[in-house]
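You will see two complexes here that share chain A, one where it goes with chain B and one where it goes with chain C.
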Partner chain A sequence: MKLKKEQLKRQLYRDRYLYLLFLPVLTFFIIWHYIPIWGARIAFQDVKYVGKNVWVGFKHFKVLFSSPVFFRVFMNTIAISAMKIFLCFPLPIILAFLLNEVRSHNYRKIVQSIIYLPHFLSWVVIAGIFISLLQAPDGVINQIIGFFGVKPISFMTSTKHIRWVFVWSEVWRSIGWDSILYIAAINNIALELYDAATVDGASRWQQAFKITLPSILPTIITVFILNLGFFMNAGFDQVFNMMNDAVINHVDIIDTYVYRIGLGKGNYSLGTAAGLFKGVIGLFLILSTDKLSRKVTGEGVW
Partner chain B sequence: MKKLVSILSLCVLVAVGLFAGGAQEQKVENGVPVIRVVCKDVPPDEPDNIAYIKKVQEGFSAYVGQEVKLEYVKMPDGAYAEKLNLMILSGDIPDLIYFQGGDEAIAQQNLLVDMTPYIAGSEVMQKALMDFNKQRMANYPYLLWLAPPRARTATIREDWFKEAGGKVPVTIDDYYNLMKAIKQNHPQAAAVTDTGNTDRMDFTFDQAFGITATWLKEGSSYVYKGVSSAQKDKLTFYQKLYAEGLLDREYITTAWDGMEDKFYTGKVGMVFGTAGIVLDIYNNKLMESQGVGVVALPPAKGVSQGYAVSSAKETRGWAISALSENKDLVFKLLEYLATDEGQFLDRYGLEGKHYIKEGDKVILTPESANWWPRFHEIMSYQGPTPLLGEAGQKSWDYIMKYAVGDPDFPIPEELVPTWDALSNLQKEYTYKIISGEYSINKFDEFVQKWYDLGGDKVTEYANKILK
Partner chain C sequence: MVNKKAKGRVGHIVLLIVLGLLALVMFYPIYNQLVISLTGNEYIAQADGTTIIPRGITLQTYSSVLSIPKVYRGLLNSLFITAVGLVVNVVLTSMGAYVLTKRDLFGRNFFMVLIVITMIFEGGLIPDYFLMKDLHLLNRYASVIMYKAVNPYYLIILMRFFDRVPTSLIESARLDGSSEMRILFSIVIPVSVSGIATISLFYGVFHWNEYFRAMIYLTDEMKYPLQVILRELIISMEKASFVGATNYLQMSTTAVTLDFKAIKAALIIIAIVPILIFYPFVLRFYVKGRLQGAVKE
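Now for the complex of A and B:
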């Protein structure tokens, strides 16, 4: 026991500058992510502006679940999140694979810089761009499909298309940025493995599927499990900026609902109840996927 | 492990200490009472605001015969209503608070002063309040807002109006013919647009179709306007406008800035703007971009004619903290700014910058376009120089002539989620009917769904309240 303590002390001293660098991150997480957990108790209280809050148990959860639209809002959240994970998760991996195959260093750098760019745009700007591109009948997309004889489609007001607009605008925004992790993981694969495979006569496809993919599988699994933790975050900023009256019942998610009913009316308890509900589902998804992943692949998050 | 828990607990305590709000404390400096004021878009460190606050302070001290200090709270950037609520939740409650939403929860906890007795005893306020203000105060006596009702007036660009004959439309048919003429003369443009819904247009057309209030009397009971037969007639009309390209096909995804841009660039001939200074802004901007002005138009005449102005409550306004130790003084401040002297101070801005005096004359400078009243905008106030241009004044005249009270009421807390669901249902059906995706016959299906979703409960509540 004493030996372990000594070891720990020695390690801490050795890496003291790294820990010092880590300190702001730790402080950030304590203040913004751990202390607010204590504040989540107001989901079970009636908030008093002056004086002590009143404990009301599950009252706000009952209000939330008895709302005539909560189930629909919940299902919208799940549908939009599932669609996003379906596309937004694998596409950065494919992109990283493709970029890895580009031989020209300069060309790869230029492509990477261009595809990272949308990540830094706010959803207000992106919504403006997509609304303008997808307008019917004058938007660029409708002009292009019109060239092929397709009738104009009002993408932004069509309940059939709007969720796909969300998904593809999310892909456009995040595909480059999300691929960074996979590119880094690919760059860490020992080059000797590829050399040996080349000597053995393996094709580029075989190298990609027999060396690259298995090597970055732990990264893929970790990112997937962590993404599931954010499953209930279907993207407030995006939905808020892109939704309109025509599609509101198909894209209204928990976050926009809480914003309208909770924050908009100063009803913090209801908002916190919804946030807590989302958090519990996210935690459940992380833990269960981690367990499943350990069973199937032997890899987990921690 | 124990150490880790101790360290984490210490961090929690330190952070709680850092973020905890201070207790409410009445400030008095050298025997001079201090009124703390919180208001949107009035940062107390901007030179104009510093000079303005000083002027109000001096004028108010003279008005009440004692020295009083005004202390404005500097609000962080971002959504004002949210920041204000969080500030109050932290325990920091100024004496005088400007609300733009989020006040109900605070009023329900008896933290805002019922201003009824104060207003009853104030001649200045009695003179300043319009009928609809009085009705709103009777329903919800915590917010005071002395300004014209935020009704939207139809506004057309002058050259296109003259091209179309230049006759002020009166009936729904007149409006329809005017829109047709605009479209004929400018086929590339839409006659009219709105911002994401038809709320602005409704001000002009609702009463003409018989939508005279939020809750309409049909037989012996009240029916919500959105599910009334009058609404069906109005949607039939809007559907026709949309089908003929008179109503902008993109109105549903058009925000207010997009609407203005379309107006200034000749993509649309008619928009609906808040009566008063907003119409003057439209006029000035159109003059800059196209070299023409605007003409304000009255509400359409049909079953009735007018702008229905909700009596439920003020949606924004001034409230006095129930915890303030200077409530009387705080109300006096609101009263002072409603007097002619206070209105001059509040409406004309700073001498030398927003206006200059030449003898008895007050001449507005170009900078006056950047000044806006921080407190009240009383319609009956007659200043030394007109503050509004022709279009702005005309729209106010229409408001004075046509605004009628709508005996609406606030939706109670327990029905808010239901009301939200009903509103969303209405929004979806309304657009789909207007755009032609649904035939007008679907309106009956919507009405049934509306009642099934909880509309029956709200209607029952409305009938209890309105009887």
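Now for the complex of A and C:
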């Protein structure tokens, strides 16, 4: 026991400069991450401008859960997230398959370089691009549908279309980028498998479904599970930059609600409570998907 | 047999066309903004979503837009925040990654857990805001520069690069009596150039595209980065509250009667250009970095 203590002391002394080097990083994490976590306690308090805040238990949560606005916001979050997973999840997989079939290396590289680009643009820029793209009547989309005799649609202010605008702009931004993981997984498949299949006379389709798909299935499952883990983030930056008064009831999500109620209207406790509620659900989703991932693929999310 | 081969060739051509169209769909919306921003003022009224070649090509829109104080200040602010932020990010992240790569460090696992927790749980927007307020950082560049100064995902990615540095190299430097700081900056970082490049690009893109924290932490318009100005123009313009800025335009000396569409397009392009300049590096390092690290950024 004493020997161990002695050894530890020596080790600590030996590494003293490493600890010193780590100190700024540690300080940073405590200040920028852990103080705000502690600060989230105002969800359980009434904020007083003079004197100390008063603990009020779950008062703000009760207000939140009985609020029809929050209910709508919650349902919007789920709806938008679900719509996004429905399209943004499978499309990159299909794209990876298609890219894999291209025989010209250069052609594939050029296509890839172009389709990754939107991922690096901010949502402010993308919102600007899409607003102009979807403008009625002179945006390109309205010009195209006008060519087929459809009357111009004001997509950005149409409650019927706005969620699809979110979904498709997300696809535009992420389809190329999200395909990278699958492309890498496909590249890792042993070529001998394909050679053997070709000798046996398997067609390209058969090879895709009997070799490629099963080989990259673990990647597909991991990505899907991760998507579920981040389900409550319906895409703050996107919604925040693309929404307008005409469609707000259809697109307002928890994160935009937190901003509007909390910082916009100064209802700090209620906003923090909403954020915390979302955080707890998110945490639960991530931990359970991690468990699920370990069960299904044998590997955790981390 | 011949028939089958011919069918395969047709299929392949169809595939190439489909992918080509996809690339066009990804590229055209950006190109369209470029066209509108370059169109001469006398033709701008006819320029729309289907204009492929700009008429009366001119850089007038750009020079006018860049002469708006808010805009050129925004551009300088963005460059400043990105540059300083990048240095702070890279230095801090390297220090963290270097220490945590030493597996037998007492308390290392505890530190790792501390960092991983921040990846899955955060205090949230309002506590973040109050922290800035309590630190008296509101309306200071530092609030934006320091925000997420060490991104835990990028830290872990950098650790994977540092892991590859031969331990013997580090140990022998230690025996020679080099300080840890010196080992980090003159051995580990120089041999991990691609790792540093990767996280620099991650952080660089993050800072360049950041608008939200700047919008809520900074109150002085002259401190806003470009993205916030762009947001003001793009989003507010649709709601006709842009009138204030128009007056601004007419007040500035070089401004001609500019078309909104063109101003907006020029600003969008200005915001994209730095990304395009670094794009070859982005493709080289960022894409690989994605595979190195966590699945989500």
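Brief remarks follow.
In the analysis below, the second predicted complex is superposed on the first by the 221 of 302 C-alpha atoms of A that agree within 3 Å, B and C clash if a C-alpha of one lies under 4 Å from a C-alpha of the other, contacts with A are read in each partner's own complex, and residues count from 1 in each chain.
Note that a contact is a pair of C-beta atoms (placed from the backbone, for glycine too) under 8 Å apart; a residue touches a chain by one contact, two chains touch by 3 or more.
Just so it is clear, the structure is predicted and the values come from calculations on it, not from any experiment.
In the superposed model, A:Thr297 makes contact with neither chain B nor chain C.
Contacts of A:Gln135 after superposition: both chain B and chain C are touched.
In the overlay built on the shared chain, the residue A:Ile35 is in contact with chain B and with chain C.
In the superposition on chain A, A:Asn244 contacts both chain B and chain C. In the superposition on chain A, contact of A:Gln206 is made with neither chain B nor chain C. In the superposition on chain A, A:Val50 contacts chain B only, with no contact to chain C. Contacts of A:Phe230 after superposition on the shared chain: chain C is touched, whereas chain B is not.
When the shared chain is aligned, chain B and chain C each come close enough to touch A:Tyr268.
More chain A residues lie in contact with C than with the other chain of the pair chain B and chain C. After overlaying the two complexes on the shared chain, residue contacts for A:Asn187 are found with neither chain B nor chain C. Overlap of the chain B and chain C contact sets on chain A: residues 31, 34-35, 38, 131, 135, 156, 244-245, 263, 268. Those residues of chain C that touch chain A in the shared complex are 8, 11-12, 15-16, 18-20, 22-23, 25-30, 32-33, 36, 48-50, 92, 95-96, 98-100, 102, 104-106, 111, 114-116, 118, 120-131, 135, 146-150, 179-181, 184, 205, 208-212, 216, 227, 230-231, 234-235, 238-239, 261, 264-265, 267-268, 271-272, 275, 279, 282-283, 287, 290-291, 294-296. By the touch criterion given at the top, residues 30-31, 34-35, 38, 47-50, 63, 66-70, 131, 135-137, 154, 156-157, 244-249, 252, 257, 260-261, 263-268 of chain A touch chain B in their complex. Taken together, the chain B residues at the contact with chain A in this complex read 8, 11-12, 15-16, 24, 81-82, 85, 88-89, 91, 93, 101-106, 109, 111, 196-197, 249-250, 252-253, 323, 413, 416-418, 420-421, 424-425, 427-428, 430-432, 435, 453-454.
Interface of chain A with chain C (complex): residues 8, 11-12, 15, 17-22, 24-26, 28-29, 31-40, 42, 95, 98-99, 101-104, 107, 110-111, 113-118, 120-125, 127-133, 135, 138-143, 156, 172, 176-177, 180-181, 184, 204, 222-223, 226, 230, 236-237, 240-241, 244-245, 255, 258-259, 262-263, 268, 271-272, 275-276, 279, 282-283, 286-287, 301-302.
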